[in-house]
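Below you'll find the structures, each written out as structure tokens.
Here chain A shows up in two complexes: once beside chain B, once beside chain C.
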Partner chain A sequence: MVQYGGDEVAALVVDMGASSLRAGYAGDDTPKAIIPTSYGYITEPASGGDVTMGEAGEDGQPARPAAKMYIGQNGPSMWRANMEVANPIQNGMIHDFAPIPPLISHALRDVMRCNPTEHPVLVTEPAWNTPANRERMAEIMFEEFQVPAFYIANTGVLNAFAAGKGSALVVDIGQSMASVTPVVDGFVLRKGLQYSALPQLVHAHAKHLLTNPTQHRPAIQLLPHQLIASKMPVEPAQPPKFTLREDRMAKTTDSWRIWAESREVDEWIQSVAGVLDQGWNEQAVMQRPPRQYEFPTGFNTYFGPERFSVGELYFNHSMIADRNDNLPRPLPSLITACLGNCDPDLRQNLLGNLVVTGGGSLFGGLVDRLGNELGRHFQVKIHAPGNPIERRYGGWLGGSILASLGTFHQLWISKEEWQDHGKAIVGQRCK
Partner chain B sequence: MSGVAFRDSSIVVIDTSRTSVHAILGLGELLPTPAVEIKARVGLRRSLHDSNGLSNGHAQPAASTSRAASAIPMSSVKVNDYLVGAQLDSALAAGEDIVVSWPFAEGDISDWTQAEAIWKHTLFGLLHLRRTQNESPVLLTVPPTLSRSSLAMLSQLFFERFNVAAFTLLFRPVAQIYAGNALSGIVVDIGEEYTDVNVIYDGFPVRECTESVKLGLQDCREHLVNILRTNQSVMTAISSPDAPLPEEDIKQALLSLVNHLLASGLVKPPAPASSVTGFSASAMPIVEEPEDGVTDIAAIVLAGKEKAVIENNMKKRASAKATAAEQAKMREIEAMDLVEIKDWEWGLREVVVGRERHRLCEPLFDPKLCKKDPNDGVWPIHEVIGAVVQRADVDQRQYVWQGLFVTGELARYIKGMGTSLQSRLMSYILSQPDQHNDVQARHIRVLKIPEYFAEYREKGDGLASFLGAGIVAKIAFHDPNGKNFVSKGEYAAKGPPAIIEMSASLL
Partner chain C sequence: MSGASAADVRSILSLPPAGSPSTQSQQPLKKSASTGKPNGISRELFALIGPSMASLPESSKPRLKQKPNLSGTQKVRWERRSFKNPARKDSLELNHWVKATDDPNEEYFWAKYNAQSNIYTYSQDEYTRLLEDSEWSKEETDYLFDVVREYDLRWFIIHDRYNFPGGPERSMEDLKDRYFSVCRKLVRSRPWPGDETSRTNLLSSFQFDKERETTRKKYLASLASRTPAQIAEEEALFIEIKRLEQTERRFKRDRDELLRTLAGIESGLDGLPIDDEGPMGSGDTKQKKRRHGSEWESASAGPSNIISLGTPVPKKGQQSAKASVPSPEEDILHCIHRNSAPAPSNLPVTKNAHTPVYLRSFKIPVPKPAGLAPKITAALAELGINHTRLVMPTKDNCEKLESLLDAAAALVDLKRAVDRVDQEIRTARMRLESKSSSASVAGDAAETPMDVDQDETGTERDADGEKEEDSVRAQSVVSVRSGRARKASSRRSMSISSVDTAAPVATRATKRLKK
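Let's look at the complex of A and B:
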């Protein structure tokens, strides 16, 4: 773009995560299109009476014959009769490529209103992506979108770039995965890479807490706004008084219900959940003020220790299980394992440039706690952007910086090269 | 080249909505209302249309998104071939065979030649600028959905074809929220065909929170026409049983009656949701009547309304003297909420319309009334607003709910829509405002254009984007070293993309 010295490439950057797909112009500081990765679809009634097929894609090829897809901001979030919701990303990786072209097309053509055949496109991938997956992505971009040039870059590296660092230890907490990636001079040290499905555990625990009764309150119904016709004010911790939209209840699918409930859980986490800065301590927890929160049903109550026990899971599992072999590993153990796999002389450099990023890292108090935990053992300097947009879309931002650099031009895989060399070029060019 | 400040009298503001263009040359001390208003449509004579090979399916790719009725003429049609404004109106009235297109109707610019024809007519035809000696800076409002290359094209068009002295762009929802005296909020623009909902946070549109629903004033009008059809007295007044009018004429007559009702401000917004159950029984007015005791005399004098105020007072005095019998009759009419329509466009027939006229806005809250279905992407507007705000960050929402602003065509005629919407949105905020909760929204605040914009008083909030554009134009063009507009020199140096970094609220 112009502000980078007359570089007229006008590249696009596409960053796909478990929660949202971000797309925008290279050189900008925020993505122009942010659409949910989850999408809704309605299978034609002809395909059998029972539409509630198991989570699509579980067994390789989902049976989706004549499904109408609802993509974008009013895709899953708007209630539709018999609409199912699915997400092509599993554990950070694309496991179902069928909805990928429509998703990218919606972001580029419908939201940004630009023509992908005119712009080079940089796509991001997680550090643990498979070669087959990235080649498939290249194929989609070249064959279906006819892009003039393509590059696929690692989110770990891009997050380091977004923080202005060539070498860094990137702690990325997304919606479904938490990862620790050592980046040295712009390259990932693969042997140090660690990741786990920690955010999913935190989410599941929060949902478990909310939907089970305690001595102070009944179990909470996680009904979304879309299913509620009206609510009445009630006293804290009293059963809610609300009327359901009965016309909608019968036509609500299970997958949509699960999607909507997890959204309510996320909202609760974002609004009130937190983590103590100095480890779990019953007394410290009691001293923190409880916070009131109201659900769409009108049910409201004060959340005290509960709201901290959720965040504690990022750091240890002793709250929910004594033996935690099968649970996703918490952050400190991921970081220690990562450092243990790296050369000792690199450790100091990495710890001095610890980048915390990803939407999940906005969890209240998480960065402070991480600093305290690590500070007991190491000399550590944490870089965590204060701006939520920078934190949430760090991968995209790094891509935006990278693709707008003049020196990056030689790395693009051009269409001609793709046609000449085929898939192999992706592995050769994109390290 | 920057270093030139522009005089107020030379500034041009053009506000381009989906269906109309408002413009003015020169901003006074008070921000004026638009000097010219035309429909954003162009016409092409059928002969020209066909001779350009349009009938053989040779349409541009954008054709699929354009209105069904209008084919998109090829670029081989010249700007001057198009009929715009009064020319088009008279040609249509004369019954000429003309293909009419609305280049902005879909929230994008579907045909650049047509767009150019409209703006050219506005600048040189209506505002009497001269291309060769154009010293006016131009501020143009655009929908926030335009692509970046379109924005660059716009600046190219205005500099190279219209020879403007400086140029800047402003997103319409941003202009609208400025007019409502806020920086964050929800702008609900109820237009003819579409309702656009946009969330603005701190002066910037929130990208994820933009939605358009195909519900608008047109649907409302048709709904009321259908209701009026069931009113025996109206129907007999329009088409007497002895000499019935043809069906098409009845429809036209009813439509013009509805328009007349709207234009004379006789339609009230729907009642708040709490009393919505027995709607027709409790169509309570919630519009605040303009206060009788006029206090701000200065503003009225400034606005040139002193005559109207005096006449109003005279009328009141006269009515006070009316006989008791007359007053009783008046009261009865008031109680029934009847209005007598005498001199409307369609002949001089007298028609009495009752309360049902207030049902005009119903389709906005229940699209099924105009046969539109949520599964086709048409939701009631309050649901759309609620869903759109839910997409914003948790932390942003309470600020966003602080500014619910209803504008657009409908707001020009019906005041108080904001309040009716507010009551229907209560389920999205806390049920009790006194909770110890600093994250979730407690209140929804409804915005209006502030009283101190004297020229805009009693005009409704429909012209908000023009007012906001005027405010921004004044500030942007007054600062000679400002970075909020592109001067001719900067355009020459940097080319069309300069607009993207040099415009208020574009990046």
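Let's look at the complex of A and C:
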């Protein structure tokens, strides 16, 4: 106990990202519950179902008709007639708090089978979260889940902790946002924080590539397998032979369709796309072996240069636009901007502790490329966990470490303090 | 078979009915079977002899080795307890697992790590008396101290979070300067309980030089904002310097070796073995020698690729043609001075006899007899000449300096001789006086310095008495009197030298006296 400084009080850690919500016990090395943040719902204008969103009308939010929600592994991914899909996270922040309690409740009560009133809960937030947002989160935890104690911690800091560092430059590439966070002694330097919607650009570019025809292949139909009744094997780059489930087509909502298509694109990116580790080079691209990928329609082909042009967007935009300030900034410019806003004395320390994390950083060759790009200007030491679980759930892991430390337990906001001080205590305690 | 019920199967296998738990009923059965057989003997033996065997002594029962206690310790009971953290101000109780043996009233282990940093505070009075600053209001100073306390003197974070509404933009140096200056003033003004050194130590820990920090940061920033081209240039320059240093060293080494070879040949020492343990002391001597030889051959074939020396030394091939005609006009034209040929070689030709090339400034003449050197230097200094620093060590100047030094040495030598003679005259005169007075007053000898030694050992007195007779050897007497412990040999040599120089002067002086 004394050696590692831990004292476990069975705290729960809830880490909510754009793609998934992770929850588990502090002290574990992997989250117990991983559920998609996207949820499906069916609006029933007349009468509510068994799980109704009664709280939707509160807090001045536009009143919504009662809806039945489908959350979890069998939530959005199962086709249901007239089911819409929504995601409460926008640009890394929660913009719609209505589905948050059901999501957390599903993770804690239905998946983990625990009673939140018995455990202190640590929740994560992005570094650019607003005070109002974190106070709302505290309110949900105290008022709806009746937790005995609560804390909200920054993902940047937690990622640094997961890498075993108190001071680090955390490069976090998630599903919707890429951020560069300077962390010093467990505090975020807010003036140095940089973030951009880079992963969204990469996603959009990949979708654009796939849905437009090239000279080698026709445009690809991004139909999910839920809508395909049968298919025949075809030769690579030949038009697919499949039959649609016409019965479902009529009752498929647009939002579900978009969600399903973006999932197809994500899967294509995750299995095929990569980054050249030495910068863009036509010859080098041609030398790389093409990769075969089959879509749910049965269409399959080999992807050569395309798969690298997707990843290249993380480092420069010259491929899609010559000069466009509206595009999210690429990683090297984010890092330089961040370092420029930090004290020159810190630069050495931060660059010596560069932590690359987030599911988006699992792009093949991304860490090597980042090291090469930065190595031209600075002396960098990159820490990127080789274990994909640690890379994807770094924020959760850091929270698990933090909430199981003996010295941390004085920082919890207790229910008593919440009742005495109100919302102000969140900003005072969680610096 | 299909007709058989479960109960039939059970009865065939003589199992108990389904309702009763089988484990409970089987255990007593086993026990009763095993009670018949004593523990010590095997089943086969028991079957042979049956239950009617003679009772065996229980002590013969084989004992197994005791099982090792692998866990090492006894079983530890843990229990879940709620605890209060004294570092917290509220009554939150969390639960954790602890050993049941632990004291439940013990203070929470981790509370002691809640260390509070010691931040100075000041009163309104102190502020108005000491801490007024035109650039800082009291409110902003208070705010600064609050932030410093909140973030425990972590300046990077303090600077990041510092946001005084309505205040100007503050750099980290501004904040540090204000904070440390306030602390310094407070420490100086307040009564200090400890000793003075601890106070100065504390004061020096609050020392902050804003200007220096700012320039340092600026320099750091400029260093970081170098363009890649600048960095590359800097690196290239650095490598170039290293390369130059290396070539210079190599050049110097080669030059030394060449000089040895070439000058050695010129002075007729071409058979001289090269000093292999040269200044570099490198190991590959053989290779060096070989390389040297080849260099020499190429040099003799074409003189262009040999390094140019200060004085062009005639090469071996050219020497045979040119040696007969050194052409003095050309030498004068090029300010070349040729050293006179080395002494005719009845001496063996060795390395030591050979003098390599040197700079004249390295061999400025020094005062010759080492014993006289300080006096010569003093004499020259009287004239305002510093012989160690020759501004223009041309050959002529060196010669002039040498002659000057010789002259000065001769002068000093002469002065010495004069002093010596003067002394002799004085002693001779004294002796003369004592002789004349001894004639008149007997026993007056005690006054002469010689007779102070009268009560010393006889031999010495004898020697003294013996010398007293000879007036010419008075010098040696003086020397004996001044340094009595000297050995006889040195005394003799002294007297010899005095005979050469002093004798004629002394006689002349005595003659003058007699007149």
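Definition applied: the second predicted complex is superposed on the first by the 404 of 431 C-alpha atoms of A that agree within 3 Å, B and C clash if a C-alpha of one lies under 4 Å from a C-alpha of the other, contacts with A are read in each partner's own complex, and residues count from 1 in each chain.
Following the convention adopted for this analysis, a residue touches a chain if its C-beta (ideal position, glycine included) is under 8 Å from a C-beta of that chain, and two chains touch if they have at least 3 such contacts.
In this text, all values refer to a predicted model and were calculated from it rather than measured experimentally.
Participant: Tell me the contact category for A:M93 with respect to chain B and chain C: first, second, both or neither.
Facilitator: neither
Participant: Which partner does A:A149 contact after superposing on A: first (chain B), second (chain C), both, neither?
Facilitator: Only chain C; A:A149 stays clear of chain B.
Participant: Go through the superposed model and pick first if A:L346 touches only chain B, second if only chain C, both, or neither.
Facilitator: The second partner, chain C, only.
Participant: Mind working out whether A:R291 is in touch with chain B, chain C, both or neither, as first, second, both or neither?
Facilitator: Only chain B; A:R291 stays clear of chain C.
Participant: Identify the partner contact of A:V184: answer first if only chain B is touched, second if only chain C is, both if each is, neither if none is.
Facilitator: second
Participant: Contacts for A:L327 in the overlay, against chain B (first) and chain C (second): which applies, first, second, both or neither?
Facilitator: A:L327 contacts neither chain B nor chain C.
Participant: Applying the touch criterion given at the start, work out whether A:D28 contacts chain B, chain C, both or neither, answering first, second, both or neither.
Facilitator: first
Participant: Let me check the overlay on chain A: which residues of chain A are in contact with chain B and also with chain C?
Facilitator: Shared contact residues on chain A: 1-2.
Participant: Which residues of chain A touch chain C in their complex?
Facilitator: Listed in rising order, the residues are 1-2, 5, 7-10, 120, 148-149, 184-185, 187, 189-192, 342-347, 376-377, 405-407, 409-410, 412, 414-417, 420, 431.
Participant: Going by the contact rule set out above, which residues of chain C touch chain A in the complex?
Facilitator: Going through chain C, the ones touching chain A are 85, 87-88, 90-92, 94-97, 109-111, 113-114, 150-151, 154, 156-157, 159-161, 172, 217, 220-221, 224, 228.
Participant: Could you list, by residue number, the parts of chain B that touch chain A in their complex?
Facilitator: Touch list, chain B to chain A: 108, 145-150, 207-211, 374-375, 377, 379, 386-387, 390-391, 393-395, 427-428, 430-432, 435-437, 439-440, 494, 497-498, 500-501, 507.
Participant: Which of the residues in chain A come into contact with chain B in the complex?
Facilitator: Within the complex, chain A touches chain B at residues 1-3, 25, 28-35, 73-74, 77-81, 111-114, 225-226, 228, 230-234, 267, 270-272, 291-294, 296, 298, 300, 302, 388.
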